[in-house]
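The structures come next, written out as C-alpha cells.
Here come two complexes built around subunit A, the first alongside subunit B, the second alongside subunit C.
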Partner chain A sequence: MKPLLGLTAGLLFFCGHAAADCLTRGTGDMGIVIERAAGSLQVVDTTAHKALFRVEGLGDLSHASAVYSRDGRYAYIFGRDGGVTKVDILCGKIVTRVVQAGNSIGGAISQDGQLIAVSNYEPGGVKIFSAQDLSLIADIPATGIIDRDGKQKGSKTVGLVDAPGQRFAVSLYDSGEAWVIEMKNPTAPKIQRYTQIGALPYDALVTPDGRYYISGLFGQDGLSLLDLWHPETPPRIILQGYGRGEQMLPVYKMPHLEGWAMAGNRAFLPAVGHHEVLVVRQDDWVETGRVKVHGQPVFVMARPDGRQVWVNFAFPDNDTIQVIDTESLVVVKTLKTGKGALHMEFSPRGEEVWISVRDKDEVQVYDTDSMELMYKLPVDKPSGIFFTSRAHKTGL
Partner chain B sequence: MKPLLGLTAGLLFFCGHAAADCLTRGTGDMGIVIERAAGSLQVVDTTAHKALFRVEGLGDLSHASAVYSRDGRYAYIFGRDGGVTKVDILCGKIVTRVVQAGNSIGGAISQDGQLIAVSNYEPGGVKIFSAQDLSLIADIPATGIIDRDGKQKGSKTVGLVDAPGQRFAVSLYDSGEAWVIEMKNPTAPKIQRYTQIGALPYDALVTPDGRYYISGLFGQDGLSLLDLWHPETPPRIILQGYGRGEQMLPVYKMPHLEGWAMAGNRAFLPAVGHHEVLVVRQDDWVETGRVKVHGQPVFVMARPDGRQVWVNFAFPDNDTIQVIDTESLVVVKTLKTGKGALHMEFSPRGEEVWISVRDKDEVQVYDTDSMELMYKLPVDKPSGIFFTSRAHKTGL
Partner chain C sequence: MKRKAPTATLILAITVMSGTVSAEISPVRQAEIIHLLRHDCGSCHGMRLEGGLGPALVAKRFTDWNIDQLALTILYGRPGTPMPPWRPFLTDGEAYWLATRLKEGIQP
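Up next, the complex of A and B:
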C-alpha cells in the first residue's frame, strides 16, 4: 500500500482538496478508476492526467462496472456484493449506497437519467431504483427455474443495457430469455419477454445506436440478435460459427461483449477460445475476416474514429496489448504493459487511451497516434476505467 | 424584450444565482442558446429545462456557432464580426474575448482541446489561438486571389473542422482548395494543400468518425470528398447529381452541411433548391432514394439512434419541422412551431430535441418518441443551440 500513501499525500499537496471540499469545474474531462482489491476508486482528471480524489468504502469491487448521471457529476458503481454506490465525483464522496442483492454483475441508467437498473445473480432479477436517492421503484423477479439441487430459484440476469424509448434490455441466463422492460411509467413497467433465444446467454451488448441487442451464448454456438426497432420479430441466431468446435469453456474465459468494437460498418469481436479477433459485416452479421492475435482476447475496443482496434488478453497473456489497423487488418503494434492489463478506456475524441495494469498498481496513458506511453498514474490494483463521456452514450 | 425581463426575474427567484456566483455542478447536461439579435446567450440546464444565466456583450451574433472545451465548462462562440468569446458556463460570464478578423464564419477546437481555430472571410485565412487565453499561436493566410475590382486579397476560408491526429481541415472558397493543417507542433503547422477540389466550396463537414471531409460546391454540381485516412489521394467529386439542373442559387439558400445526418450506413442530406431530402449509401456515396418534404431543407439532423431524421426549412416554410422515419422513408410527423424555426439540437441520448423558434422568442423542447411539445423556454430571438456533449465529438 506504500504507493497509495504517497499518492494521497501528493494529492493533498497538489490539489489542496480535502475529500470534503467540492470542486467547481467542468465534469467533461473527469473519470473514475476502480481499485479492485481495496474496494475504493480514484476520481481522475483526464486533462491534467492526475487523480483528484480517492473514495473508499464501496464494498467488494473485485468485479465492478459503472454508469454516469446525465450531468456527469454522479457515478453509480455496481459491485460484486450487490452494492450500488452513488458517488459525487465533484466532492469525492459517497452520496448514498444500497446493498440490494446478494450478488450482482452490472447495471444501466435509463435514457432520461432518472432510473438505475441492476441485474442480479442472487436472487435472480432486475431491480430498478431512483437515480436521485436509490430508493426502490420496481422489483422484477426473474423466471423461476429448478437448480441442480432441486431448489426453486430465479434465473440469473445478465447483460443489462439501456435502449432508446426509456427501455432496458436484459438476458436471463438459466431460462434462455431476453426481456425488454419499458419504463415510461415507472410504477407500471411493461415487459416484453422473448423465450428460447438460445442456450445460456451469459452477457450482452447493445450496438452504439441502440438498435441491436446481442446476447452471447454459453450453451451453444452463435449469438442471439434482437432488433429493438422490430419488437414484433423474435430474436434470431447469428454467427453460427462463433465458438464452433470449442469444448465448453469456463465462464471466466468467455470474452466480454462490452468489448465489441464497431468501426464503420464492421464489428470487431473477440473469438471464443481462439487467439483471434473476428471481423463481421454489420449489414448481415456475416464474418468477413479474422486477425491472428497474441492470446485469447478479452476486450476488443475501437478508437472512437474506428481506425484502430486495441485488444487485451486473458491470462497468461495479460501483459500484452495489441493494436490492429482496421483498414489493413494488420497488427501494427504490440505493447508490453506489465502483468494484469485488465481494461482500456479511450478519451472521447480518441487521442489517448488509458490502460489499467493491475500488477503494477498503475494506469498507463498512451498517445494513440504514436502509440507511445505518455503518463502513469499510481492506482491500487486498478481494473475498470470509466470516463464521464459515457453519460452521453446509449448502452454505456 | 418583455419576456426576457420576466425571465431574468424568474431566474433570480428560481435559482438564486447572480451572474457572479459560480455553480458547483456537473456540466454534462448544460448548453447554450444564441440570442442572435441581442448579441447575448443563455446558459441552459437540459435536465431542469431552465435557463441558468444570461451572458451579454458577445458582439454581432446574427450568425454564430460554438465549440466546447474538453471539460465542458467553456464555450467558444464565433460571431459574425470576427469575435471569438470564451464563456465560462458555470459562472455565467465572459472569460476573454478577441476580435480577430473583420468577418468570420466558424471555428473548431483541436482534438486535444488546446487550440481554437477560426476560419475568416475578411481577411481570408485561418487563425489559431490558445484555448486557454485566446492568445494567437498561428496565423495562416489564405491563397491570394484577385477580386472583381482587381484587388489582391486572400481567399475566403470556410467549413473548418477538427480531425483526428491533431488536425484541422478547411476549404478555400475562391481558390477551390482544401487544406489539412496538422498542429502536433503548434509553432510549426504542417499544411497539406489540395488544389482544384471543385468550384467554390462554400461549406464542409467531417463525418462523425472523423474520416471523410466533404465540401459543398457552389460553383458546380456534386461535392468534393477527401479521405483523411489517405492524405496521399487527392479529393474526388461525389454525388455528381447533387444540385444538377439548378440555376445558381444565392448562397443563403445553400443548405448547411452540418445538417447532414448519418444514420447507420446512410447519410440523409438536404437537396439543393428542391423540396427533398436525399438518401445516400455511405459505402460508395451513391444516392439511393429521395424523400419529398415540405420546403427547402436547411438542417437535416439524425436523432442519435438514427431512427428519425428531423428537418427544418428555408423561408417561407420555416414555421414547419418534419420528422422522417429512416427505415420506411415516410414523413411521420409535421409540426407547426411558429415562424423562424432556425436550429435543432438533440439531447445526447436522443430522448428530446430542442428547437429555436426565432419569431416566437422561445425554444421548444419536444419528446422525440411521442413528438409532443413538452417545454418552452423564453429566449430572445434564439438561433444556434449547442449542448456540452459536443465537447466529446469530432467535428462539432
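Up next, the complex of A and C:
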C-alpha cells in the first residue's frame, strides 16, 4: 500500500493491493461492490471474503448497475450521471470511461460480448458502444413526448436487457412502448417498436432462457409480456387481476425486476403498491399464489437452486430481509440487517448471500442454509453487488 | 386514488400562518431530513437530485413555484405517478422547511 493513499478517507474501509500490481488468478470467485456515495467500488474475493482493490473516480453511482465481459475480467459500470466505466478487476483500475448522456439508468452486454448498450433517462434513448474501447456505434433516440410543462423531450428508457439473436430489449416509460433492437449488423440496427404495451413501464426483465421479456407497469394493473420467439405477436398483459379493487399503497422505492426469481416452473415477482410477492406459473402466466411480506418488495431473488427466495424492501422497511421457502410459500426467516439493505447477490451456487447495508457501511455475508451472519466487510455506503457469475447469464 | 389537495392547503396554510413552522426543527432532525432527501428521495430523483425516474429537484425548476405548492407536493405526492406522499414521515413544518431548502437550491 502506498502511504500517500492513506490520506483518503476511503482507505479506512479498505485493505488490499495497491492498484499497480495486477493479480494472476481466475476471476470466477470475484465481484464488485458499488460505493454509492463515494463514486467508487471495491473489487472483492468471494472465497476469501475480502476486498482486493478499491477503484475511485466512477462519478455519480447513486443508482449504478454493472455487467461483465464474457471473460469475466472487465466490469462495465453504468452510473446515474451517464458515465460508463470499464474496470479491469484483475488490476483494480479503470480502463476506459465515457460520459455518454445526462442521466442514465442501466445497461446490458450483447450476446457475443462485443457491444454495450445503455439506456438513458435524459435525454431518453439507447446508445450502443463497442465493448472494447467504448466508442459509439449506434445512437437510437427515444420517442418524443410532451412533458407536464409542455416541453418536448424523449421518453425515458428503462429495463434494458440483452436477448438471444444479438438483440436488446428496452421499455419506454413515458410513451408506454417496448422495443427490440437487433444488432447483427452494428452499422444498421433493426428496431421493432411495440406501442401501447401498458401504462408507465418502470422496469423489465428477460427470463433466464432469453425467451420472454416482461415489463412491470406502474400506471395500471398487470405486467406486459413479449414472447421473443414470436416477435410478430405484440406484447400482451398478464396478471391483469392482481391488485384490482384494492387500495394501492404508496411506493417509496420502485421495485427492480432484474434477477428473475424462478423456482421450478414458478416465478416470483414483486407486487407494486402491495406488500406482497406474486407467484406465477410460467406455462400460462397465471397467478397461483401471493406471499404477504413485510413491506414493498424491491428485489425478489431466488437462490440459484430455487429453494429459497430472498426479498428486500423499500423505505421505511429497508432494515429487513425476508426469506420465503418456495415449496411451502411461507416466510421462514425475517432478518434485521440495519437500515438500508439495498441489494443482495448470491454466490454462484448459492451457499452464501451478500447483502449491502448502507447505513452501517458494511456488506453482510449470510449462510443461506442456517441464515446466520458469517462475515462482515467494511464498505462505504454499499449498494449494488455484482459477481462475475453474471458474465454468462442472459439478462444480467 | 383521489387527491386531497384542498384540505391539505388549508391545514398547511394554518400551520404556516401560526408561525411555528421551521422554528422547532432541531439540527438533529434537519440532518435526518437531509439524509432522507439524499438517499430516499434520491432513489427516484438521483442522490444529487439531478433527476432519475422523477425530475431533477433543482432551484431553477422551482423559480415559479411558491413554497406551499412545493410542500404540498412533498406531503401528498402526485397521484397516478410514482411520486408518493411523504405525509407519514414528515410534519407540515418539516415539509415546509424542506421545500424552502429545495427552492433555495440544495446539494445534499
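The working rule: the second predicted complex is superposed on the first by the 367 of 396 C-alpha atoms of A that agree within 3 Å, B and C clash if a C-alpha of one lies under 4 Å from a C-alpha of the other, contacts with A are read in each partner's own complex, and residues count from 1 in each chain.
Please note the rule applied: contacts are C-beta pairs under 8 Å (C-beta built on N, C-alpha and C of every residue); 3 or more make two chains touch, one makes a residue touch a chain.
Only a predicted model underlies this, so the values are computations on that prediction, with no experimental measurement involved.
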{"item": "Subunit A as common anchor, with subunit B and subunit C clashing or fitting", "value": "fit"}
{"item": "Subunit B versus subunit C as contact partner of A:Gly241, first or second or both or neither", "value": "neither"}
{"item": "First (subunit B), second (subunit C), both or neither touched by A:Gly219", "value": "second"}
{"item": "Which partner reaches more residues of subunit A (counting touched residues only), subunit B or subunit C", "value": "B"}
{"item": "Which of subunit B and subunit C A:Trp229 touches, first, second, both or neither", "value": "first"}
{"item": "Partner chain(s) touched by A:Leu90 [first = subunit B, second = subunit C, both, neither]", "value": "first"}
{"item": "Nearest-approach distance, in Å, of subunit C Cα atoms to those of subunit B in the combined model", "value": "31"}
{"item": "For the subunit A and subunit C complex, residues of the former touching the latter", "value": "36-37, 60, 62-63, 80-81, 103, 105, 121-122, 156, 158, 173, 200, 202, 218-219, 247-248, 250-254, 315-316, 340, 358"}
{"item": "Partner subunit A, residues of subunit C touching it in the complex", "value": "1, 39-40, 42-44, 46-48, 50-53, 77, 80-82, 84-85, 89"}
{"item": "Footprint of subunit A on subunit B - complex, ascending", "value": "22-30, 46-47, 68-74, 90, 111-113, 162, 164-166, 209-211, 229, 264-265, 282-283, 304-307, 327, 347-351, 369, 388-389, 391-394"}
